[in-house]
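In the two complexes below, chain A is the common chain; its partner is chain B in one and chain C in the other.
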Partner chain A sequence: MAQDDHSGAELAAADSSHAAQEFAGSTGTAVVPYDAFENPGFEPHRPRVTDQDPGREKRAQRTVYTLFYLSILGSVWAVAAYMLFPMESNNVDAVRLNNMFIGFGATLALLGIGFGAVHWGKSLMTSAESIDTRHPISTSEATQRGAVEVFRQADEESGFSRRTVIRNSLIGALLVFPLPAVVLFRGFAPQDELPAELLSHTMWKKGTRLALDPSGVAIKASDVTIGSAFHVIPEGLTELEHGKLEEKAKAAVLLMRLEPGELNQLPERESWSYEGIVAYSKICTHVGCPVALYEQHTHHLLCPCHQSQFDVANHCEVIFGPAKRPLPQLPIAVDDEGYLIAQSDFTEPVGPSFWERN
Partner chain B sequence: MTRTKRRTGRRHPLAAAALLALGLVFTGGAYAALSTGTAQAEVDPNSQQTIEQGKKLFQANCATCHGLDAQGTNIGPTLIGVGAASVDFQVGTGRMPMQMQGPQAQQKPVQFTDDQVKQLAYFIASLGPGPEIPDDHLASGGGDAANGAELFRINCAMCHNVAGAGGALTEGKFAPSLANTSGVHIYEAMVTGPQNMPVFNDLNISPEDKRDVITYLKYVQDNRSPGGFELGSLGPVAEGLFIWIFGLGAIVAITVWITAKSN
Partner chain C sequence: MSTASTRSPAPVKRSFTAEASEYLNDRTGLAVAIKGLGRKAFPDHWSFLLGEVALFSFVVILVSGTFLTFFFQASMAEVHYDGSYVPLKGVEMSVAMASTLDISFDIRGGLFVRQMHHWAALLFIAAIGLHMLRVFFTGAFRKPREINWVFGFTLFVLALAEGFTGYSLPDDLLSGNGLRIIDGLVKGIPLIGTWTSFLLFGGEFPGNVIVGRLYTLHILLLPALLVLLIAIHVGYVFIHKHTQFAGPGREPTNSVGPPILPIYAAKAGGFMFIIWGVISLIAALFTINPIWNYGPYDPSPVSAGTQPDWYIGFADGALRLIPPGWEFVWLDRTWSFNILVPLVVIGIFLLLVVAYPFIEAWIKGDTREHHIADRPRNAATRTAIGAAGVTFYAGLWAAASSDILATHFSLTMEGVIHALQAATVLGPFIAYFITKRVCIALQKKDREIVLHGYESGRIVKLPGGEFIEVHQPLDEYDRWRLVSHESYQPLMLRPNARGKITVGQRVRASLSRWFFEDRIAPVTRGELEASHTSHH
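== the complex of A and B ==
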């Protein structure tokens, strides 16, 4: 079995019609298997113009080295462009020019090499067709036998199969060994609270004032005129030292005022709004995008990520799209000074489903 | 010979069409020349004459839907108390008079001159108090673009796109692009909440903050994107589509070229 250096001619000469001839004498109705696809061998060799016409060959040669020189030019140009078009702070146009000219040079440098090499290979390198067959994957039988012998000898000398108690205890030790790492992973999660608890509570609590995002200024009920949409955070969020974004991600609220007559509220939630002012979580119950595309006349709330639609006039029930639950409503009231306050936290976890809630 | 002769000159089959086109161009041109030549004087918001003119325009152009006294009908809302800002926005951007009933009023060429728009606006403002047309110093920018950008991202970008390129809403409605909207119209839209846009009153976004938002939008309108082609500023969808078609197309073309036999 020769492994390398099959010349193309040798393979092309293989008799591919052998199988067909063997079954040619059969006459019955039996389905005769034969290899319908014959190896067509090589197409007849077709010389290229560069093989025949020395002028064309010269031209191809010129093209290839011109491409390589262009590549050099591109690289040099990229270096020059870096100096000629420096990035200036506060000048966006300078950044554009810098990026564009350096990129132009680098593109020329790389494409010049690539196109030149391919053109060289296609037009000037030898065009004779040939086949390199693959190496057989398996090693020789002697090597295989040798390897098996090494294993057998090692087993015999160590007594791995014979001393079963030792073997089994070793397997046991290896199985238990990764356990500490698994337990240590718990350290990545918050320590004092269960993750499900954390997801179920937000910064809102009884008496927290509703404040404007991003200024943190408290909102009076009289500020919210009909048709308005306010983007709301809990008062005090802006002063948080740690975890500001985490708290905001859970507590973000959209505040809207509808004509009280247009609001169709659940009986148990009639005290949750104030003269047509309603507050809903801004976090989509599908996968948690901020839902804030509010239409003041249709009262539709659209989530831009997957087109879930919620009807604010009908306790934010889902009217279209993949969201499964209505947006959680924040119960609100008005304090003595006329500011809007939360009656409590959300009564259900905000945002998408998680393991303990679906 | 006679046949070809009959088909030239004023007996040519296209002669009638050409004559018609010429006539239309001339009458249209004459009308345009005359109509631009009319009054240039500043419209006085309080003069009785302005309000009278506005009332006439209103009754001729708007009363079919909004009622003779702007009290509203079953096909158009009342305009008492919507304020001059609302009229200046709706009529000044060509949304009113409305082209057709639909998910929302479409923008079209403005139907009135600036003076007529103002006359209409002051007539409506005289019917009941409402938002006024903003002062120039608030509507022409010149504020803090960074603050405006933050407010825009929080309050506006979800519908209008972070670069103001606009976007789709529910059931055929959409938030329009702000690329060519004037500062006055942006300000009026925030105050009045046209179509389905929510209202952003002065207690939600103060007049100075509104000026900052306009400053930011002007900045986006005047400065080209640092990243080169914006592809409509639509973000990953447009950019992804571009690279899938042209980037992968180029790779396929080069692959075909590499593997094809040379001549």
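== the complex of A and C ==
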């Protein structure tokens, strides 16, 4: 085994007598038995087959350079694949082939170098281990005292501890000076809007027609057969110039038609439905995913994100999952032409709960 | 001139490397580093490679990510897609999504680089997690490495942040839903939640700035912090020198292993290429995050079986495990405990992870430096605590796939959630108990082997007709591996200098009892001799 020389033989010699003391700290609750075994020292070095058998050594050498040559082959192949497998418009398979063959080339190039180098290291390089002496991480006590002395001297020369008014006013200034930077972050959102206000209103208002998502075609009550469900947006949403997704994130609605007898409506909401057609906010009251999965025969809605379940027959109350509040109901009616319309906006904020909600 | 005449005559022919190294050294003084580090011993063990996997996959992330920045455009402006992927032609989407599709379908090798980037990121975080488990279970966080544990933990958190910000950039349906969940989470935080969400998204969700903001974090702030902390973290590995497992000749005061130059360099350097090659192979063969199947973000549609990337799973699962009804209105304000509880529980869990080295050090009161890695069985209580933590994490993580579990195994959604709730709460206790017993049993087995040797498989019939199996004693090298560790005993509660027993000492004593009351001490010389004499 090669003794390391970089840490300094003379240092190591000087250390060995002190090593135990230098590393000594409190043993705490560790038990150090008086008759513990002693370290038997290093095992005799075991030569590898490549050290003993010239044939095996030759073979290992061949393996290593073959791997390196294969790597070159892989790199060349990757470049060739770049040219041989162009991406063609309208052809997903071409993309796949391009991806795969460039990838195979790169893989061969990388693995060839990797396995070659590891094999070289393991089978051909001298296998002796190095031995380093560890030194305590802590510096010597003199250095430590020196550092403390530097601070003490700096303190004395500046009068940091002595001139308390100066010191405290500086600390005060340092505490306050980041404030303007913090205030600048207010600019992250529009200045003239209040979040709680915005979250309490949606695009729906009296007379807004219910339209299909995503086409925006208005829905006639007669088109909604019993058992069907529609993804709904307010008419006019698709024509919005700005804030289309923001409005949609609040206004998305699910429309379902049940047998009127199956509907267990709250007395104050009896006028909110039309012949068994009910409309509920599609935005989960948990953290806001779209509650998009409707199970027709149980009248249950399932949120695919965290599995909250809502019972449409019972005014969308929560029957399972982490959500607390029922999905808000959109009061609907039918206009003169037979189209479904909203009676008003939602009567409560839709979507996830927030602090100022009530 | 006179000086010229005194010059040495025929110049000795010197090699190019000698000349070049002298040139460099005269200008940089690098020889100090080479001489100091070049032959440093680097202890060897397969589990020491986990941190290297993380480091090497990070290199892939940096290189592939830089390539992607040349093509990706972090804008949420609306465009009609006009690239090569026909099914989405004409669809309205953000520039971010369209440019990600272009990387995938219109730039040769672009999909390959994108997949390398994503797979490497998944591997990066997985490797960090396993590396942390290795450090934890072998006690490699003990003095002097506690602070490096904190740096490593911070890297883990930064890696999660990098992962999530990157995942959100393409602005596809899946990542948009992920952001929607973040928005809902943030809004559930008392007092500051609504405004925080408003500022984060630049107005109402989803707004048109979030991708740009996450991009700045993803490619500037977070990578800078990561690179800085990785440099510090790895720098301290050099300063502390790597831990090593107990073995003949290995002492707390030395470090034994192949020298950095050449063997370690060849093996670690080769390993780096192997990791790159493996990531490349995966990227060549397996699709990751096919955003073209999801489509652009729209707050209305969502597909069943939505899953975040694996490392966010534990947080998503925590949300799913909350029973119905944990939200209240109090003082006219909404208190969303269905969101607060997961956040606080995960926060406490992470806090315990980062604080563990300091807690254990305080209980033990051991201020010596420790450079010999523990075998997990020899620190039974720590290993059991680790197993409990892993089980807890696994429960949360499994919950993120509750819907997949239900549909694949034809179970009810409710049944899966209830089972996972039980597993997450009770599982850690069961895991703790089983692990501790197994560790103690293994320690006893080690003692048995040291005292009586191992079973040789040789059956001998004694003159009296009795059959015995001959036990072969260990040689001194193998024995050393089984007896070189230390054991700790519970702290004896004693009054301090002022004759008082402080509350702190009481807590420490009871924790110490919990840790060390089931103590199996390693065999001593005296015990071995006694066992030999009793046989004859």
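To be clear about the criterion, the second predicted complex is superposed on the first by the 295 of 358 C-alpha atoms of A that agree within 3 Å, B and C clash if a C-alpha of one lies under 4 Å from a C-alpha of the other, contacts with A are read in each partner's own complex, and residues count from 1 in each chain.
By definition in this document, a contact is a pair of C-beta atoms (placed from the backbone, for glycine too) under 8 Å apart; a residue touches a chain by one contact, two chains touch by 3 or more.
Please read all numbers here as calculations on a predicted model, not as lab measurements.
Legend: residue contacts after superposition of the two complexes on their common chain; A:Lys122 is shown touching both chain B and chain C.
When the shared chain is aligned, chain B comes close enough to touch A:Arg48, but chain C does not.
Once chain A of one complex is fitted onto chain A of the other, the partner contacts of A:Ser228 are limited to chain B, with no touch recorded for chain C.
In the overlay built on the shared chain, the residue A:Met100 is in contact with chain B and with chain C. In the superposed model, A:Ala292 makes contact with both chain B and chain C. When the two complexes are overlaid on their common chain A, residue A:Glu193 makes contact with chain C while staying clear of chain B.
Looking at the shared chain after the overlay, A:Ala36 reaches chain C, while chain B stays out of its contact range. Looking at the shared chain after the overlay, A:Pro304 reaches both chain B and chain C.
When the shared chain is aligned, chain C comes close enough to touch A:Pro86, but chain B does not.
The contact surfaces that chain B and chain C form on chain A in the two complexes overlap at residues 92, 95, 99-100, 118, 122, 127, 213-214, 231, 290, 292-293, 302, 304, 309, 320. Against chain C, the residues of chain A that register as touching in their complex are 2, 4-6, 19, 23-33, 35-37, 39-43, 82, 86-92, 95, 98-104, 106-111, 113-122, 125-127, 129-134, 136-137, 185-186, 188-190, 193, 195-196, 198-199, 213-214, 231, 233, 243, 245-246, 248-250, 252, 282-284, 286-290, 292-293, 302, 304-309, 318-325, 351-358.
The touching residues of chain B, counted against chain A in their complex, run 150-151, 154-155, 158-159, 167, 169-171, 173, 175, 193, 195-201, 203-204, 223-224, 226, 228, 257-258, 261-263. Those residues of chain A that touch chain B in the shared complex are 46, 48-50, 92-93, 95-96, 99-100, 118, 122-123, 127, 212-214, 219-220, 223-231, 256, 290, 292-298, 300, 302, 304, 309, 320.
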